[in-house]
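In the part that follows, the structures are each spelled out as structure tokens.
Look for chain A in each of the two complexes below; its partner is chain B in the first and chain C in the second.
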Partner chain A sequence: MTFAVEFQDVSRHFGDIRAVDHVDLQIAEGTFFAMLGPSGSGKTTCLRLISGFDQPSSGHIRIFDTPSEGVPPNRRQVNTVFQDYALFPHMNVRDNVAYGLMVRGDGKAHRHQQAEEMLSLVKLDGFGDRKPAQLSGGQRQRVALARALVNRPRVLLLDEPLGALDLKLREQMQEELKSLQQRLGITFVFVTHDQGEALSMADSLAVFNEGRIVQVGPPQEIYEKPRTRFVADFVGSSNVFDPQITIRFANVARWSSLRPETVSLTPAPDATGVLARGHVRSTRYLGSSIRVTVDVGGADITAQHPASAPVPQPGAEVGLTWATDALHLMDQD
Partner chain B sequence: MRSDRSGASLTLKCAAIGGLLFLHLPILLIFLYAFTTEERSYQFPPPGLTLQWFAVTWNRADVWTALSLSLKVATVSTAIALVMGTLCAAAMVRTRFFGREVISLLVILPIALPGIITGISLRSAFNLAEIPYSTFTIILGHATFCIVVVYNNAVARFRRLSGSMIEASLDLGANSFQTFRYVILPNIGTALLASGMLAFALSFDEVIVTTFTAGQQSTLPIWMLNELVRPRQRPVTNVVAMIVVLVTFVPILAAYYLTRGGEDTAGHGK
Partner chain C sequence: MAGPLSYPRADGLTGRLSDLFWRRPGVLLALLLAPPLLWLGVIYIGSLFALLTQSFFAIDEFTGMIRREFTLKTYGELFRPANFDIIVRTVSMAASVTLASVVLAFPIAYFAARHARGRWKVLFYLGVMLPLWSSYLVKVYAWKLILAKEGIISWALQGAGLGFVLDGILSLPVIGGNSLSVSYIGTFMVFVYVWLPFMILPVQASLERVPVNLIEASGDLGASSRQTFVHVILPLALPGIIAGSIFTFSLTLGDYIIPQIIGSSRLFIGQAVYAHQGTAGNIPLAAAFAVVPIVVMAVYLWIAKRKGAFDAL
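Take a look at the complex of A and B:
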């Protein structure tokens, strides 16, 4: 099978720093792929290795089964939407979008027609004559997107493109990006440190930590079956138990993860089916629900409690229950 | 709010006018004596006014030789400075390497050093390397400080140029030349033009470094210096001085307007 992008044991070291450390990765053609990780985890470096702005210290990268060694950025069928958009301030929006065609030598009429088409794709019809400085952040984001798509890349790289937008706009752009990707059918590789964004948009995602990929898989699998405690912690929030605590609930001395929404709270600690009991330490109101943290002796367990139900007071004794398969066993790292 | 604003302003006005007169009256006097009928001394007021010195100047071959040498030196050293200064600025802004700050300081040093030091060191260097004094050595001497002017302006403008803009251009399929032509140059163009004009003006009236690096040739300022000690057709010097003022004033003024207006053309990454 041909992959859009394939990493074969790729490392990128900057002096002593292993920015990318023995990464193997396959990105299937036509998928929306997210690279998720905290800052400095190597995800942006991976993106730059694909775009060609950085070269691996060792290993190989293949783009559509073609080795990418020695292929400069301007000859890869890959385009990038930059984090700061990197629009050309001295050109109007139309010339910005048509830039890729202009340097290729396409005629003016064709260039402008293509640029207008791309602008309408990102819902910016009629903005061609404006300068980037006259646009809002969200509009600049769309121009950057149109500019990257005008060359009809086979892979589109997006480097934290929504980072500078406010929450409402970000959610709107998430949906638009997703539907754009489905309509165009090209591979999107999306770098983000926002786990919510990665989960909601990606068909498949890779979780990065300290230059390595900790886990790759569809969002649901990553969320429900985190392979290590780092993934459990970083993707969503979770109760992570060390082996000494796990053994109390599951009879195995391994690390485990329990998602708060799988835990329910009962005011009667002696009721049947209660797996742990303890005193309420704190509560946190989240609007649609309340997070209740319970000290069960040696560990805290956070449960997600419906906001409509009566909230136990701190100090109250409560019981906790969960389905036995909700406790997910995992590796330390 | 100060209530004594109007009271202080009269004194301030006088001081300001006094300062301006102090700065510019001598220049006006030079202009005035370009028209005097007395050719041996500067007596005030001039005994009469005439335009004959313009014609005399026009017909003096030594003025033309000096002027053409000055123009040649200024043009070539500005051209060298534009290329080297821009490249140097680009390297300094785009990369981090060991000794970067030291190199940056070394580039700026020629303008901070007294011209006499630059002059002496260049002269000894030329002697050591056995390079005969010529137009070439004058150009080299001038290029040392012209580069600084270009470098300083270019660095400031490069800093405002978002680094990912260059990457975006390459990413979209442009080669290095196209990136320079369509992205970098439009954004640093006005800074280069302005610094080029400044460099030209600096080179055009440079005396000290030129004294040490020129052989038998005279640039226009050197020619003027020599002319002052010779009491022959004195107003010719004034005519030339007036032309020099006008020739250097225009590019400096243009440079000022260009860099001022350039603020909204570059930068703003987001």
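Take a look at the complex of A and C:
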């Protein structure tokens, strides 16, 4: 099988810093792939290695089964949507979008028609004559997208493209990006530090930490079966138990993870089925629900409690229950 | 519950002033702007206006006195061949000096803006600014020695057996001469040397403001390095190049020392102004000459604006 992008034991070191450390990765053609991780985890460097702005210190990157060594960015069939859009300030929107066609030598009529087509694809019909400075953040984002797509890339790289947008706009763009990707069938590689974004958009995602990939898989698998403490913690919030605590609930001395939404709270600590009991330490109101943190002796467990139900006061004694398979045992710490 | 709080009192005159400025920011602005506005507005613009007025007067040919009546006669004199030659000579020199400065300054500025870091950056600033620290006259006289017939340039070329190259260049019509120090080439070289920092610094500043990701975006979209330079870097650096060329162009237009010390003895505008307001006592003609650089600069900037040189600002 041909992969859109393939990393074979790729490392990128900056002096002593291992920005990318022995990464192996396969991105299937036509997928929406997310690279998720905290800042400095190597995800953006990986993106720059694909686009060609940076070269691996060791290892090989193949794009559609073609080695990419020594191929400059302008000859890879890959385009990038930059974090802060990188629109050319001295050109209007139409010329920005048509830039890729202009440097390729396409005629004016053809490239303007293509640019208008792309602008309507990102719902910016009629904006061609404006300058980037006259656009809102969301509109600039769309121009950057149109500009990258006009070259009909085989892989589109997106570097935290929604980071600068406010929440409402971000959610709207997430949906649009997803549907755009499905319509065009192009492989999208999307870098983000927002786990919600990665989970909701990606077909498959890689979790990065300290230059390495900790786990790769579909969002559901990453969320429900985190392989390490780091993944459990970074992707959604989770209760992470060390082996001494796990053994109280599962009879095995391994690290485990328990998602707050799988834990329910009962005001009667002696009720049947209660797996842990303790005193409420704090509550946090989240609108649709309330996170209640309970000190069960040696560990805190956070439960997600419906906002409509009565809220236990701090210090009250409560019982906690969960389905036995909700407690996920992890391979590594 | 604690009682109502009492604000600490404004302390002394400075405290009360600080309060006043906070309540009325306009007062502070007016105080800050008054001295420079007086200086620029009254003294500078005022004297410029007086100059302009003078240029519309004319000298009485019999008495040698200035007749204070509006006339365009003095401007008409500018178009007499002897005077018009001076203007053409000065403007061509200013234009060639500016062009050469752009060509020489751009790579230096580009290196400083894009590649130099830390110690190299310090070295760059020192290298560019150091010549500005020493006296202008000393530098010009030093150049006179360098360019002289027995100077280091001809000595070195002769020593290398390349004396014929220099002789060939000096035998060119108009720009050549007896030696570099008495030719237009010499004047040109010294002008370029003296004004180069005024081109490098604004170009470097404008290049530094070009975000790296624009250059990456251009490459990402398929542009070669040459295309990126033509379509992205150059347009964005253009305001800096224009700013630098304003310096090199106007400084060359107005200078009267360099052409006097180095070059053929033919006059430049600055020397003409100097001669007419001094020994000849023809202040109106001197004023009219002085207006020429202003008009040339205005036309130049107008064309630059029409061509979109400031679109990236």
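Note that in this section the second predicted complex is superposed on the first by the 330 of 333 C-alpha atoms of A that agree within 3 Å, B and C clash if a C-alpha of one lies under 4 Å from a C-alpha of the other, contacts with A are read in each partner's own complex, and residues count from 1 in each chain.
Just so we're on the same page, contacts are C-beta pairs under 8 Å (C-beta built on N, C-alpha and C of every residue); 3 or more make two chains touch, one makes a residue touch a chain.
This is a predicted model, so every value here is computed, not measured.
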Chain A as common anchor, with chain B and chain C clashing or fitting: clash
Partner chain in contact with A:G100 - chain B first, chain C second, else both or neither: both
Chain B versus chain C as contact partner of A:R140, first or second or both or neither: first
Which of chain B and chain C A:N74 touches, first, second, both or neither: both
Which superposed partner A:N151 touches (first chain B, second chain C, both, neither): both
Chain B versus chain C as contact partner of A:G211, first or second or both or neither: neither
Chain B versus chain C as contact partner of A:F88, first or second or both or neither: both
Footprint overlap on chain A, comparing chain B with chain C: 51, 53, 72-75, 78-80, 82-84, 86-90, 99-100, 102-104, 147-148, 151
Chain A contact footprint on chain C (complex, rising order): 211, 213-214, 216-224, 227, 231-232, 235-236, 311-312
Chain A to chain C touching residues, read off their complex: 51-53, 72-75, 78-80, 82-84, 86-90, 99-100, 102-104, 147-148, 151
List of chain B residues in touch with chain A within their complex: 162, 164-165, 167-175, 178, 182-183, 186-187, 264-270
Chain A residues within the chain B interface of the complex: 51, 53, 72-75, 78-80, 82-90, 99-100, 102-104, 132-133, 137, 140, 147-148, 151, 164
